Amino acid sequence: MTNATDYQNIFREIVSEFKIADDCGEVATYIPELGKVDPEKLGIHLTTVQKFHYSFGDSNDKFSIQSIAKVLSLTLALKIMGKDIWKRVGVEPSGSAFNSLVQLEYEKGIPRNPFINAGAIVICDILVTCLNNPKLELLEFIRKTSGVESIDYSSKIADSEKLTGFRNYALTYFMKDFGNIYNEVEPVLDLYFHLCSIEMSCKELAQAFLFLASGGVNPITNETVISPRRTKRINSIMQMCGFYDEAGEFAFRTGLPGKSGVGGGIVAIHPGKYSIAVWSPKLNINGNSYKGMKVLEAVTTKTMSSIF
Amino acid sequence: MTNATDYQNIFREIVSEFKIADDCGEVATYIPELGKVDPEKLGIHLTTVQKFHYSFGDSNDKFSIQSIAKVLSLTLALKIMGKDIWKRVGVEPSGSAFNSLVQLEYEKGIPRNPFINAGAIVICDILVTCLNNPKLELLEFIRKTSGVESIDYSSKIADSEKLTGFRNYALTYFMKDFGNIYNEVEPVLDLYFHLCSIEMSCKELAQAFLFLASGGVNPITNETVISPRRTKRINSIMQMCGFYDEAGEFAFRTGLPGKSGVGGGIVAIHPGKYSIAVWSPKLNINGNSYKGMKVLEAVTTKTMSSIF
Amino acid sequence: MTNATDYQNIFREIVSEFKIADDCGEVATYIPELGKVDPEKLGIHLTTVQKFHYSFGDSNDKFSIQSIAKVLSLTLALKIMGKDIWKRVGVEPSGSAFNSLVQLEYEKGIPRNPFINAGAIVICDILVTCLNNPKLELLEFIRKTSGVESIDYSSKIADSEKLTGFRNYALTYFMKDFGNIYNEVEPVLDLYFHLCSIEMSCKELAQAFLFLASGGVNPITNETVISPRRTKRINSIMQMCGFYDEAGEFAFRTGLPGKSGVGGGIVAIHPGKYSIAVWSPKLNINGNSYKGMKVLEAVTTKTMSSIF
Amino acid sequence: MTNATDYQNIFREIVSEFKIADDCGEVATYIPELGKVDPEKLGIHLTTVQKFHYSFGDSNDKFSIQSIAKVLSLTLALKIMGKDIWKRVGVEPSGSAFNSLVQLEYEKGIPRNPFINAGAIVICDILVTCLNNPKLELLEFIRKTSGVESIDYSSKIADSEKLTGFRNYALTYFMKDFGNIYNEVEPVLDLYFHLCSIEMSCKELAQAFLFLASGGVNPITNETVISPRRTKRINSIMQMCGFYDEAGEFAFRTGLPGKSGVGGGIVAIHPGKYSIAVWSPKLNINGNSYKGMKVLEAVTTKTMSSIF
């Protein structure tokens, strides 16, 4: 493991390599709001369990974290309900997106894992059942977990998601037909669309996910978020299911559990060491940040922190 | 990390706990030969990269390693052909078995990974193309990798596999229709059925897989099996795809890359530390050794060696 | 072709045979309202293009015609929009129900035919676009086509359908995601649920479908419902797609185009000769009236009116 | 129904219309032998149950009847085994080709109908079980049914089919895995490939299928091929399943049961009236003869013989 100074140098090296590198990918545009972001943005933030911070570029810019937030809603559901949630959602990778509906039918409405849309919606259904004011309480949980009070939903993004979210409605009604959605569809999807609209900076993300690098306790806030065993559970699900149809490639390249979002953000965890968040809006064909994947591969290679 | 003595004590603790534990699962019987094994067998062998050995029970009994051998054929193909093999087989988990044919059709005959049957068959096709005497050369490679000359195929098992291997014939012809099998079907499946018939003891398995714990070099034989980068690749594929429809569960419980076989064997790797092989013939409903999974979970929990 | 008297005798023969026959099947109960019907009801009504009527049993009792109504909504959409509707729904049989969602995904939201739920919903979407007051105008069309003013929706059944119609919501949102639903989901499904709730007697049904036996003109009302070519189109779709997963069996047994509903009704058409409606609430495992299928087979066998 | 003279005039009219019509489609080339045919060939032959013959163009040229032969193998299997064959193959349409494997898996190796490849292969398996010399006895049956001694297999086509028939091997092994193929794969597919290689002219085809227009008896040879009830069964299966993914369209356009082959041939039956064979090698995108479909539509329209 490298010492403190190295990270900053490594970031510099990586970024200077990128200056001359190819510049591929496309910004997500399925939601008009997402398409408005500056495609050249690049932010990196790494926080160690010893509370050292290393950052580069636009690491304090807020962006739409999208699916990365599904790790936080899962954490809250697991904290409240415990292992009973595994009766309603699995922990296995899902194969290609094409199969999602087939698989959902074949497996009687039980989504393969909490990070595919169907699974994250079931988690929202659980939260709607357990919480009095789900949107507010989820937000408070995320603020407390990260120690950042300014984290908030983007109502523009949430509205945009709702307007184009026909497939998510289809998935939800389909699972309701199988009896795996207990509440009305509207409040469940309202929570889901808000969840996906959360905006955070790289720094805030790294800080919010630091508990996963340190056995469930955020060393900055000293807040116990969740037990060590459940921390392990969440990390293993991120490892297996965090990158859509590119989980295996990411496992090889980076060797760390992580989660990406179509806003161009990626968070990765080195258990016992650090959490890192990268943001670059252009996506590869699998919907993961093109440069973000490269940065994380370079960081773990140069610091030899792959778990494999 | 625990010191040398602990492993032996840990094995003793684990096994004494099992004496009073439930005794579930069923021995695989789809091949009559497999059904003849004593269901009560239990062997454990752990070898560290410092060449210390720790073992328990029937760790020197040979058994049918079945799909565990797919890691070794992949290693040989990767050594010979390099990354070109990824044009013909993927590195992503495959979802449920039910979807395998659908997915193979949807992805035009490219199997999701080298550990599902279709993928292992493509690897055999590659070896049939590249080697003069594939069966002999594969065996020699495995003997050299492990440093154990007595490793051999079981012709009884290979014949038994062939007689009941209709689905494997179907998969192979299906991929040939897509142009992803270059040779005649018979020699490819002959190699595949022999691959699955290899017999090894826990000790031999732990030794054969030790290179994956030490950057591609077997510290016992000093043989360089494969490069560090490809070692990482193989470990990440084991992590993602090594346990059929239970990869996520295994990742959580054990936190190590590994591979199981329907003979009741499991191998797991702690990169930089050790390789471990466990054998207990009774399988859980996902086709993985019931006790083997429990032993590995107990070992990694008691030694705190989960990578998550 | 038999003469007038025969039908009445044939009905008598058939029914007396049934008295001693097995009495299989189950009344549909997925909607509570449907489960309240007397399972022993049996009605038959045959109307010839020469306007002779033959009836038996409970042929004047109103019952929930359910999916049979999809023929009438298709007729109205075809009358209004013409062949452009075939850009949005196909004319081919759909294979097993299990595949419906897969197929809908594979075929980009274009349902295979207008009688599977997805297809009937697209037809409703077309009607919602073209009509000012879709529910009222559809009802008026059906009243005019049949010459029966008393035909009406059952608001109890429509409400019941809506309360349990999660899968229909899923299908509709799924197609909307593919761009094949132009209106809001609610008004489209409101029309669909009302369509399925229509109540008619066997006599009314036979009369409403008589135009399909006489080139598009109802000989009783002299109303030209649709052109001869489109009559042929509707009959051929009924032949291919009218009986869920039992279309082939029905084609063999009865040899006539027809349509069934889960309320236990079946209508069949002998082009140039007659229309016939049968009602018996107990359904076979494919969801078609157990006795209704038997009656129609007996009628066409005894009158040698199979088209094959 | 038109009188005798009309058919000849109708053929003339239709063909003269085609002279100025578009000339679409492509000759099948997946088997090199099929690609060698003259794409401009056009033959028509109609035989009435009163034994009148009407023909046009290349109606005496032999061509590869391909899948049309599946009707004859089905007839023989039904004659020998009776309704027990329906335990091993269904009578329902199959939906899109894409789903064939999914459906075969879902329905545990029971093909949907005897005209999709999997179903025709099961029929061949039945014949291999029941006959001493399947290839010879099938050929003799076809010669006797048609009254034409010169009908024969094309060994060139059969060899060509075998060399490229990987998907058929895949299907057969897949069904064998489910227990629905009783014999070795090779003899079953040998019969299947020979079946598909049969060569006949339009005249011979019309004559061979005439029994289906006349209750199971060939009026030319006075040979009782099969019972009236089974004739009805075969006609209904042709109606539902005879045209791949265009069965519904053909039912509408032609209104007759029929069967096509990728050699460009189509046979259709007007029960009680006539059988007709058309041959034009260029295929539409669904694999059915482009002109053949047009000719049959024109014939049934001009003679008003649609059964709908």
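As written, the chain order gives the labels A, B, C and D, with residue 1 at the start of each chain.
One rule holds for everything that comes next: a contact is a pair of C-beta atoms (placed from the backbone, for glycine too) under 8 Å apart; a residue touches a chain by one contact, two chains touch by 3 or more.
The model shown is predicted, which means the values in this text are computed figures rather than measured ones.
Participant: How short can a chain-to-chain path be from subunit A to subunit D, counted in steps between touching chains?
Facilitator: Contact-graph shortest path, subunit A to subunit D, evaluates to 2.
Participant: By that same contact rule, can you tell me which chains touch subunit C and subunit D alike?
Facilitator: For subunit C paired with subunit D, there are no chains in contact with each.
Participant: Counting only C-alpha atoms to place each centre, which chain is farthest from subunit B?
Facilitator: C
Participant: Between subunit B and subunit D, what is the gap in Å from one C-alpha centre to the other?
Facilitator: Once rounded, the distance between the two centres reads 49 Å.
Participant: Could you grab the centroid distance between subunit A and subunit B? Build each centroid from C-alpha atoms only and quote it in angstrom.
Facilitator: 32
Participant: Approximately how many whole Å separate the CA-defined centres of subunit B and subunit C?
Facilitator: The mean C-alpha positions of subunit B and subunit C differ by 56 Å.
Participant: Multi-chain contacts in subunit C: which residues touch at least two other chains?
Facilitator: Counting only residues that touch two or more other chains, subunit C contributes 98, 102.
Participant: Let me make sure I understand the interfaces: which chain pairs count as touching?
Facilitator: A-B, A-C, B-D, C-D
Participant: Using the touch rule from the top, collect the residues of subunit B that touch subunit A in their complex.
Facilitator: 90-96, 98-99, 102-103, 106-107, 112-113, 231-233, 235-237, 239-241, 245-249, 251-252, 255, 257, 271, 306-308
Participant: Name, in rising order, each residue of subunit D that touches subunit B in their complex.
Facilitator: Contact set of subunit D toward subunit B: 98, 101-102, 105, 166-167, 169-174, 176-177, 185.
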